[in-house]
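The first chain written gets the first letter, and so on, giving A, B, C and D; residue counts start at 1 in each chain.
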Amino acid sequence: MSAPEDINVRQKPAVAATGGGRSTMLATKQLTKNFGGLTAVDSVDFSVAEGEIRCLIGPNGAGKSTLLELITGQLDPSDGDIYFDGEDLTGLDTHKRIDTGISVKFQSPHVYENLTVEENLRVPLQRTDRDVERVLAETLDRIALAEKAETGASELSHGEKQRLEIGMAVTLEPKLMLLDEPVAGMSVDETDDVADLIRSLHDDGMTFVVVEHDMEFVRRISEQVTVLNQGKIFRQGPIEEIEADEDVRRIYLGENA
Amino acid sequence: MTHESIPRRSVLASGATALGISVAGCSGGSGSGGGGGPTVGILEDRSGNFQLNGTSKWQATRLALEEINENGGLLGEEIEIVDPDPQSDNSRYQELTEQLILQDDVDALWAGYSSATREAIRPIINENEQLYFYTTQYEGGVCDNTIFPVGATARQQLGIVTPYLADEFGDDIYIIAADYNFGQLSGDWVNVLAQENGYNIVGEEYIPLDETDFSSVINRIQSEDPDFIMSMLVGANHENFYDQRATNDLENIPIGTSTAMAQGHEHIRYDPPALTNVYAGVSYMEELGDLRDGENFVDAFYERWPDANYLNQEAQNNYFSVYLWADAVEEAGTFDQQEVISVLEEGRDISAPSGDLTLDGATHHMEHEMRVARADENHEISFTNNERIGPSFLREEVEGGDGCDLREEDKTTQYVPSDVYDV
Amino acid sequence: MSDRLDAGSGSLLGRLRDRLEGPNTIGGSAVFWVGFAVAVAALIAYPQTTDPYTVIQSSRYLALAFLALSLCFIWGYAGVLSFGQVAFFGVAAYAFGVIGINLSSATGVVAATVGAVVAGTLAAALLGYFMFYGGVRDTYVTIMTLVVALVLNTFMAQTAGSEWAVGEAQLGGFNGMTNIPSLTLGLGETGLVLEGNLFYYALLFTLLATYLGLRVLLNSSFGMTMVAVREDEARTATFGYNVPFVKLVVFTIGGALAAVGGVFYASWGNYIDPSVFGIAFAALPVVWVSVGGRESLLGAIGATLAIERMRTGLSSGIGPIGSEWALVIVGGLLLGVILYLPAGVVPTLDDLVDELRTRRTERSQSTTTTEESPE
Amino acid sequence: MTPLTFSAYSLMALLFQFLNSFGFIVLATVGLAIIFGMMGVINLAHGEFILIGVYGTALPYHAGVPLPIAMVGGVVASTLFGVVVERTIVRRFYDRLLDSMVATWGLALVVSQLLLIVFGSSLDSISTPLGNVDYGPFSSSIYRSIFLPAVALLVLAGLYAVFTRTEFGIKARATIEDPETARAMGIDTDRMYMATFAIGSGLAGFTGALYAPALGSITPNRGSTFLVESFVAVVVGGPSVIVGTLSAAGVLSVFNATGSFFFGTFVGQMLLLLVAIVALRALPDGITGYVKDWRQRRRAEE
């Protein structure tokens, strides 16, 4: 599968990642989540500026997925607050948070296995004011699944499911997109496709938070990286700096090295 | 104690029918039976909640009809029997009643154990003016054009047993009864008897039909310490009361009942001493045998149904009422239901295993031979206090004392004690 | 076999079929609709060809079919297995009785019909709100609905005393409520009493309209939402759907369907008793829908008619098999279907037909290509 | 009816009433709770499993076997039946739990009707052993109010030991937690499911055996006697089998006993059901689900 040709592939990020002159889009204040005796997310102040592609890395169990689930309301925080576009999301139901302009793709593919690709896309799309048939065709093209529109989602490959899921999240035209391991288990080609997809959406003005292990992939899409370890923000900064950081290497990169 | 006052003609007729000698001869008229011969419908439960009582009723009805057929049928024709199993399910009863009336075109119908079943099919019976025999002992008061409730009523049963116990043991009564119409109305009747005779009701409670645990009931009875208990408990769940009574050594408080023993034969199914000192007001129990000369209904029953559990009070009602109907058909010379009802409404005497009974034409109820059946510590049954009791409530008390007379006016109603008494 | 009669022609029929067909309902071919029309015609002609009893009996089955539709709708399409749909059926039946007995005119019966459906629907809405906004899920919903039915069973069974009356209407306890009026259309004192064949037709057309209406609903975007909720609640919430609300709406509609059935049922026998809330009756809709196929409205209706007909037939025994085997056969059949046709009879048949058709098309295609290749 | 008045004796009667109710709910529930809690299968034939225990006890008893030995017969019968049912029916439904309800409902119909066909409309009842204890004007059955609740507690304690202390229990819990990992660790999950189902059926049979002499009439419909209480208790108890059953039985029997003691049996029944509904609304995952949450929160605060 190759990405449609109209997607503009660039090697360097278009925008500097830090807040600078841009307004803060997402901010957590002292966000904490306990599971039993374990503190999965520990007093995290995490903020993302509008227009960023922020990557979130860290060893297994660092609390990355938990942080995303706290932001979307899958989990309720034990303490702390979440702000999006200046609005306090804490305590809101998931669907209300989605309506403020957040979209999410979970770690393991969560498509509707018993529906076709097209039906999968219709589910989020039918809620919007958008022209369903037009957007459907566009999105199918964009995620390169036009030929499989009538195929049952259970028959898709892992990579196709990942793309479908991103496609579903995208149809809502979110301001902020949360992606949990969008290229896990993908071939190199597929990974490239997803990277291209993210870049093209970013060019359209979408902000991203991406949880990812694949540092190659992280380098391709992002400059600014946050490292979580044991539920806390361990480091935050440009990718080069993080990669050079001995402590980060020790806790995280060492694992993969 | 009115054994001798039996009109001769009826005894001869019913005796003759029983022996298969067709008095009226073959008239050839097939009555209302659609196309074929005469048809009788039996709807009695052989599975589900009421199978214990229903099976015996079904067996006795079949026995009577088969006897008639073996002896040459009725008006020279063999009676066809339609007897699906309604499975203790009232909505199935409704459906099957429609089927038997509209499709099988039955000339007479025997159906149902509980009052709930009777009430469920009553609209259908009324709409189709179907001749219907309801044979369970019941709360009484049904006054309905085409229905013949031939079982003893609460007034008859409680009327024999309550005064007997009060005379024997004292005036303080504790009432426990099933929490539905039958139980509540039976409770009302005990209250009526108490008002009339100056008894003292020290406790009264109504228990849901699915309750099986009676410990709190027993504690309350112990707390009130009555002279005797009147129990109108119903169904397999409630039987547990008798066992728990024995466990708690409560046999010294006698129990009067209209429901135990005669229907569910608890005195056989329970080990002694559970039913010790239970006094049932009954019209019949298997232990009574057959009071007719030269007949043995009980033997015939077990010969036909070797696996049967018990021949209960209701089964006897089914049995004699089949003959009552056959007798009326013979006299009417037709199976036409209206004509048969007219004949029945003239009032009839019948010699039944339980004694010589009379059908009261005006009320469609029976004058029964009532007796008190007592179980001793070995669950041996003895009968005392024989008395002939008529349907006095419907005949003399309702409608300001005018009574209900179905020969005079059409009715499809049920009277309750509170129509007449302040209960 | 053409799959689309005149798709894209923009004709009225075409647009109608667009609304009625979709991935969520079985049966969309021209053959299906022809068969459907034939079946409906047969059902319309049926009372003319049979005796009054069979018509009355069939009416009862048709009334029960609403209960099956109600469960099929919420379980098959939104994944909410309720063991207590009979609760709304029964509430409506009792409400119909209470209002109908108190207002005995024709207008009164019409009011009773409306009031009863509203009562059943509200009861479902209330329970649904209580459960879905309270976070009660999956199996717990199933058992909670069953417990609600059992509460009503226990409660109604003890309403025997004369103090349990609403106006003229005695609730009647275990004996049930009698003298419930027959369905009537009309105003004031005069009206058309729906009995016998008329009752049958009223039921048949209401059922037909309900079936087609549900097809339209299921193939609309709301139907897609229901399916999404059934497939994955959490994921659906992350697309901005208010899942508890969707389930509440579905459950309420299900309650309304059951309520319609309850009104017909009470009016059928002019009687209702607490056994409608009992566990034996509560299990029946689950039986019908499982056998017919939970994702097939038509399957649910068909299974209701077939199973109930069979149950009645078996209660008289079949040939040498005595009536005592009726329940054994029903239970065994249920086990067999669930074990060997887990999707239910109708979806399994549908798959089979699809497969045959594909095979045939493949074969004909292969022959066509070889034979017509010169062209 | 006249409500009972307060006195030392009546409070004692209330206590025995509570114990009676508690024993009944625990024993009625425990077999169902094991099968539901460990396997997720709702066994709608639970009442019939108990009934097999009742028949398995009553038949040998009436043939002259002493009651305690006859009771063993009841347990053996229901356990064997459970194994057969698991092998032939239930194991096909581990991935379709809702369907298992339908299947077991079908099974329930077949079993109770077959019992009717084979053994007739009723078996003779068995008298309750052990007599009663007298206090003031009152008395209570020793068997129902002391023996059975004690057995109920022993059963729960035994289950706790089996599932926490034995290798089988640990394997069974691992299987329930995550079947795939358990398989990867070399646990024969298939056998674990069968064993769990057998234990659940055996316990149902044990309940039947214990209640054979406390049930009054023994008819093929008596299975339903146990059904409602057991469902309510399983749901109110929540996912943790032992603690859940214990706490649900405790809460429900307090309401049931108090209600029927002071206001009559109808109020007792209604209270039990209404408490169940309220409990479910307030604690959608049952009592143990709530306790788990609460513990987490407390630990977090520390």
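Note that in this section contacts are C-beta pairs under 8 Å (C-beta built on N, C-alpha and C of every residue); 3 or more make two chains touch, one makes a residue touch a chain.
This structure is a prediction, so every number in the text was calculated from the model and none was measured.
Visitor: Taking contacts as defined above, which has more of them, B-D or B-C?
Guide: B-D
Visitor: Using CA atoms only, can you tell me which chain is the most central one in this structure?
Guide: C
Visitor: Please flag the chain sitting at the greatest distance from chain A, going by CA centroids.
Guide: B
Visitor: With centres defined as the mean C-alpha position, give me the chain B-chain C separation in Å.
Guide: 40
Visitor: For chain A versus chain C, what separation do you get between their C-alpha means, in angstrom?
Guide: 43
Visitor: Whole-Å distance, chain A centre to chain D centre, using C-alpha means?
Guide: A distance of 48 Å separates the two centres.
Visitor: Which chain D residues touch at least two other chains?
Guide: 113, 116, 224, 266, 269
Visitor: Could you check chain B for residues that touch two or more other chains and list them?
Guide: Within chain B, the residues that touch at least two other chains are 47, 179, 206, 208, 210.
Visitor: Enumerate the residues of chain C that touch no fewer than two other chains.
Guide: In chain C, residues 154, 158, 324, 326-327 touch at least two other chains, as defined above.
Visitor: What does chain B use to touch chain D in their complex?
Guide: Residues in contact with chain D: 47-49, 51-52, 55, 179, 202-208, 210-220, 222-225, 236-237, 239-244, 246-249, 264, 266, 268-271, 274, 307, 309.
Visitor: Over in the complex, which chain B residues touch chain C? Could you list them?
Guide: Contact set of chain B toward chain C: 46-47, 82, 84-87, 89-92, 94-96, 98-99, 101-103, 114-116, 119-120, 122-124, 179-184, 206, 208-210, 416, 418.
Visitor: Taking the complex as given, what residues does chain A use to touch chain C?
Guide: Where chain A meets chain C, its residues are 72, 74, 93-96, 98-99, 103-104, 106, 110-116, 119, 122-124, 126-127, 168, 172.
Visitor: Where on chain D is chain C touching in the complex?
Guide: Touch list, chain D to chain C: 36, 40, 42, 44, 89, 92, 96-99, 101-103, 105-110, 112-114, 116-117, 224, 227-228, 231-232, 234-235, 266, 269-270, 273-274, 276-277, 280-282, 284-286.
Visitor: Give the list of chain C residues in touch with chain B in this complex.
Guide: Within the complex, chain C contacts chain B at residues 51-54, 56-57, 60, 154, 157-158, 160-162, 172-176, 178-179, 269-271, 273, 275, 280-281, 311-312, 315-317, 323-324, 326-327.
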